[in-house]
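The same subunit A turns up in both complexes below, where it pairs with subunit B and then with subunit C.
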Partner chain A sequence: MTRGSSKAWIALGVGLVWFYLILWPLMGITPEGLQFIPSLVVWLKVAAAAFVLVSLNQLRTAGALAFIGKPTTAAWTEIRKIYKKVPVRVWISVVFFLALVFPLTTGRYEKDVVINVMIYVCLGLGLNIVIGLAGLLDLGYIAFYGVGAYTYALLSVHFQLSFWLCLPVAAVFAAVSGCIIGYPTLRMRGDYLAIVTLGFGEIVRLILNNWMSLTNGPNGILGIQPPGLYWPGFSSGLTLEYIWLKKLNYLYYVILALVVFTIIAVHRLNYSRIGRAWEAIREDETAAELMGVNTFTLKLLAYAMGAVFGGLAGAFFAARMRFVSPESFTFLESAMVLSMVILGGMGSIPGVILGALALIALPEAFRGFELYRMLAFGGAMVLMMIFRPSGFWPAKRMGQRSEERG
Partner chain B sequence: MDYFLQQLINGLTLGGIYALIALGYTMVYGIIQLINFAHGEFFAAGGYMGVILLSYLAASGAGPYVCLAGALILTMGYCAVLAMAVEKVAYKPLRHSSRLSVLISALGMSIFLQNGLMLTQGVYDKAYPTQMTQGSFQVAGLYISYMQVIIVAVTGILLVALNALVFKTRIGKAMRASAQDKIMSGLVGIDSDRIISLTFAIGAGLAAAAGIMVGFYYGSVHYGMGFVPGIKAFAAAVLGGIGNVTGAMIGGALIGIIEVFAAGYLSSEYKDVFAFVILIAVLYFRPTGIMGENVDDTRV
Partner chain C sequence: MSVLSLEKVSVRFGGLQALSQVSFDLGPGEIVGLIGPNGAGKTTVFNVITGVYSTTGGKVAYDHKNILGLRPHRILALGVARTFQNIRLFQKMTAMENIMVAQHCRTKAGVAGAILRTRGQKHEEALIMDKAMEVLEFMGLKDKAGEIASSLPYGLQRRLEIARALGSEPKTLLLDEPAAGLNPLESRALMGIIERILDRGVNVLMVEHDMKVVMSICHRIVVLDHGVKIAEGGPREIQKDPEVIRAYLGS
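Now for the complex of A and B:
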């Protein structure tokens, strides 16, 4: 045994002792007396899992797993080569085609999950503008989602306005609230900005919760209309009929259209002059300002643009659920969207989509372990930051640098 | 006038609790410039550990004061151990990565601990044995409950002890030196890893004491209870000037008093909003806080 490996085993032992020290008092001290069995059972499971993981890692570093590792890395490079050969356009059309035919081939449950994923893709891409491009940490992003959802809910219930009319209204409201939140906070940097946006997010939630006359408080708003559409009917000549898009299939295509719109918009923004200015601010705010970038306006714009997509997703959410309540806009949701962006890879569009898939669809696959879902989620966030802080699909640097042009 | 004084006493009680939590934030921020999102969870874990130990000690026939003191000391120890473990696992490997990574890691740890508490203790509120501190007495027309006396006394003792530790002992000197300049303090033989670990332990111990106090104050604990007091305590730390120990104590007391007065005179539904509004106002107009010195101008 080498010195490095004995170090790993010692760390494992020490860690397990500490873990038991922390676990036992929570489970073992009861008014009936001290109990050791239940906590030992849990501890043994965790210890066994940790033992297997450390052994595997030891074998890997010792080279005993090369017979698996070599072929897989070879296959991986092969796949990457093929991926590189086919133009991106083809890949995008394949994915888009799959997304189009998806609801025709699957059941209600799968569609439900994928609609959820796509709502979060919208949110994630919106937040991606704020964090990934402009480098501003926003922990209250879900407030814009809430503003969008409540805008549509109230307009629909009180004024019977249609979804399509409310969609831009929700976006505008969200953008305005983004400016209201952004204006006083953008003087701050880093951690302070994070905590202030968190505070704003909570304020929005508390207002939604307590303004009984407007929002009906914690009971939420019922009876929101789904999106409607004029559709040609042929029963008695050619007439236009107004149908409500209640079926999951229709809703699926509505959110798919929203996602496609979001992706295109974010992509275009990313490569535009504004996008480059945001990146400059992210890399070095002082330098960007010196180069003539109007940092304050652009940061405000980043906030507003991010909020727009949050508002759009919120309006769809309200139309899809046909019910909104402040429960859906807690800090945990903000943390969820944030971790999508971080896990996927900041600033990278496919990364954010992957992140949304991983955080919404994967837990659905482990429904049986529902209780442990959030536990695993928190743990995964920590581990990800330690082992792969740049995310699943890190962003490539945008544009061409002068030194690359040659 | 009586109502005013009564509210002032209530506000000071609550403010003491906030000050205890705020100290953990401010000390950790002072030494590694991290907003420790998991700090609220140390506080919640303290609340739970307190009720577990209290019911165990009471069942084994100890007197109420022995129960209280024993539970307090053991809970503080437990949370200190928990915080040191959290620091080792989630923050130490990230000491040299970007601050955003550490912040996300802290967020993840907070979610992890909260759900760990839920899994081991259940989703329902756990009632505190409040009969232990029942009863009140009257001074000049003001009602003061024994519970308030205990809370203020324990908080006061802990605050004085912490002040002595930070400003009078060698360890405190090492902590202050580490907060100022880790490389220089390392050169004169201060092990900064040990000091950081110790800072987390002390902060979590104070938060644990606050958890027990809140358990008595509201009568029950809940696995998600760390979040809102955590944010308010952070507001208190910012109000006092983050990184500043005395500032956190003043800030905590102020936030507590403001919250109670806002609930009493303005609107009890929006009492949580006021803490956030103060936080935003302070950061906007005077980001260094009341006692501030530690101006943060670095980016995530």
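Now for the complex of A and C:
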């Protein structure tokens, strides 16, 4: 046994003892008195799993697993090669086609989950502008989602305005609130900015919760209209009928359109003069200012643009649920969207989509463990930060980008 | 070409008088060296010119227009670009992108243009790329265009900083210790580059400790000590100036 391997075993032993010391008081102190058996059973399972994992790792470092590892890496490089050969356009159209036929082949539950994922994709891409591109840590992002949702909810309930008309209005309202929040806070940097945005996010939620006359407080707003559309009908000659897109299938296509718009917009912004200026601010704010970037306006713009996509997602959320209440816009939601961006890869569009999928669809797949979802969350984050610090799918650089475009 | 002039500029940080009544100017087609012992206030002069620090007195004019109190990005737009003593590139961006950022103030496509990819915006992007490529070529960095700035070797990073400053199409370039950390071969190449920059119609103000570089390419030299200008003149005069010798060797 080498010195390195004995170190690993000692670490395992220490870890397991420590784990038991924590586990026993958590599980062993019950109203019926002290118990050892339940915690011991759980501990034994964990210990066995840890033992197997450490053994496997030892074998791997010793080279005993090369017979599996080598073919896998070889296969992986082959797959990468094939992936690189096919133009990106083809991959995008394949994914888009799958997204188009998805609702035709699946049930209500799957569609519901995927609609949820797509809402979060919009949110994640919006936040990605603020965090991934401009490098401003925003912990109150969900406020803009709330502003968008309540804008549509109120306009729909009080004025019966159509969804399509309200969509841009919600975006504008969200952008304005982004500027209102951004203006006083953007003089701050880093941690201070994070704390202040956290506060603003809570302020918005509290306003929604307490302004009874406008928002109906914690009871929420009921009776929001779903999106409607003029559709040619043939019952009595050719007429245009107004139909409500209540069915999940229709809603699916509405949010899909919204996602596609968001992706295109964010992609193009990213690879434009403005996107470059945002990245420059993220890298070195002082240098950016000295290289001719009006940092203040551009940071405000980043906030506003992020808010626009949050607002759009919010308006759709209101139209789909046909009910909004302040409960949907808590800090936990902000943290969730932030996790998607970080997990997926800051500044990367496919990364954010993967992040949203991972954080919304996987917990659905593991319904049974829902209680431990936050635990798994934290664990996954820690592991990600260790093994893939720049996310599932890190952002590409423009040097490689321009070749790909040509 | 443009004229930069400082007139009785003073800067005070609390109890420290960083600059007191410093006056000099930079004429068209000139390379002026700014030297002095550590802490003499050379970088402070740069920060005053580029709008990072505010002054407690005096005037700074560019093209006979007052530039005091302007935000740094406005000063760059007027044509004063600078490099940094400790390299401050946009680390995670490619060499090309670094220079493209500098074109920000020369272009104007907005959010709508970017999202809709209008014809004007596309044209502008192509123009930005061309200009960035031209600067990279000028600085001999063409083959490094797609490389991440932080992965470049130190000497090339220094060069990329100058390239980035040039990318903003300045009329005046402020170089803060461009030869710091370069080997003799590299600093000789740097001198060649600075002279070619002058041929582009850009005048240069540089802070430098490497006397070989300063004495061989500067037309005029301004010497600062403890925030006071103690001498100004051609390289020969400066080398013989008793005040300068005292400041450098101590008394």
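As a working rule, the second predicted complex is superposed on the first by the 395 of 406 C-alpha atoms of A that agree within 3 Å, B and C clash if a C-alpha of one lies under 4 Å from a C-alpha of the other, contacts with A are read in each partner's own complex, and residues count from 1 in each chain.
By definition in this document, a contact is a pair of C-beta atoms (placed from the backbone, for glycine too) under 8 Å apart; a residue touches a chain by one contact, two chains touch by 3 or more.
Keep in mind that what you see is a predicted model, and the values were worked out from it rather than measured.
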Query = For the three-chain model obtained by superposing on subunit A, do subunit B and subunit C clash or fit?
reply = fit
Query = Touch check for A:69: first (subunit B), second (subunit C), both, or neither?
reply = neither
Task = Would you sort A:301 into first (subunit B), second (subunit C), both or neither based on which partner it touches?
result = second
Ask   = Taking the superposition as given, does A:218 touch the first partner, subunit B, the second, subunit C, both, or neither?
value = neither
Key: Touched partner set for A:168, first subunit B, second subunit C, both or neither   = neither
Key: Comparing the two partners subunit B and subunit C, which touches a greater set of residues in subunit A   = B
Request  = Minimum C-alpha distance between subunit B and subunit C after superposition, to be given in whole Å.
outcome  = 13
Ask   = Once bound in the complex, which stretches of subunit A touch subunit C?
value = 264-265, 268-269, 272-277, 279-280, 283-284, 286-295, 301, 305, 397-400, 402-403
Request  = Would you mind writing out the residues of subunit A in touch with subunit B in their complex?
outcome  = 15, 18-19, 21-23, 25-27, 29-32, 135, 137, 184-185, 187-192, 194-196, 198-200, 202-203, 206-207, 210, 285, 331-332, 335, 338-339, 342, 371-372, 374-375, 377-382, 384-386, 389
Message = Quick check on the complex: what are the subunit C residues that touch subunit A?
response = 50, 52, 71-73, 76-77, 81-82, 84, 88-97, 100-107, 109-111, 113-115, 117, 121, 124-125, 128-129, 145-148, 164-165, 168
Sites on subunit B touched by subunit A in the complex = 33, 35, 48-49, 52-53, 55-56, 58-59, 78, 81-82, 85, 88-90, 93-94, 97-105, 107-117, 119-121, 227-228, 231, 234-235, 238, 269-270, 272-273, 276-277, 279-280, 283-284, 287, 296-300
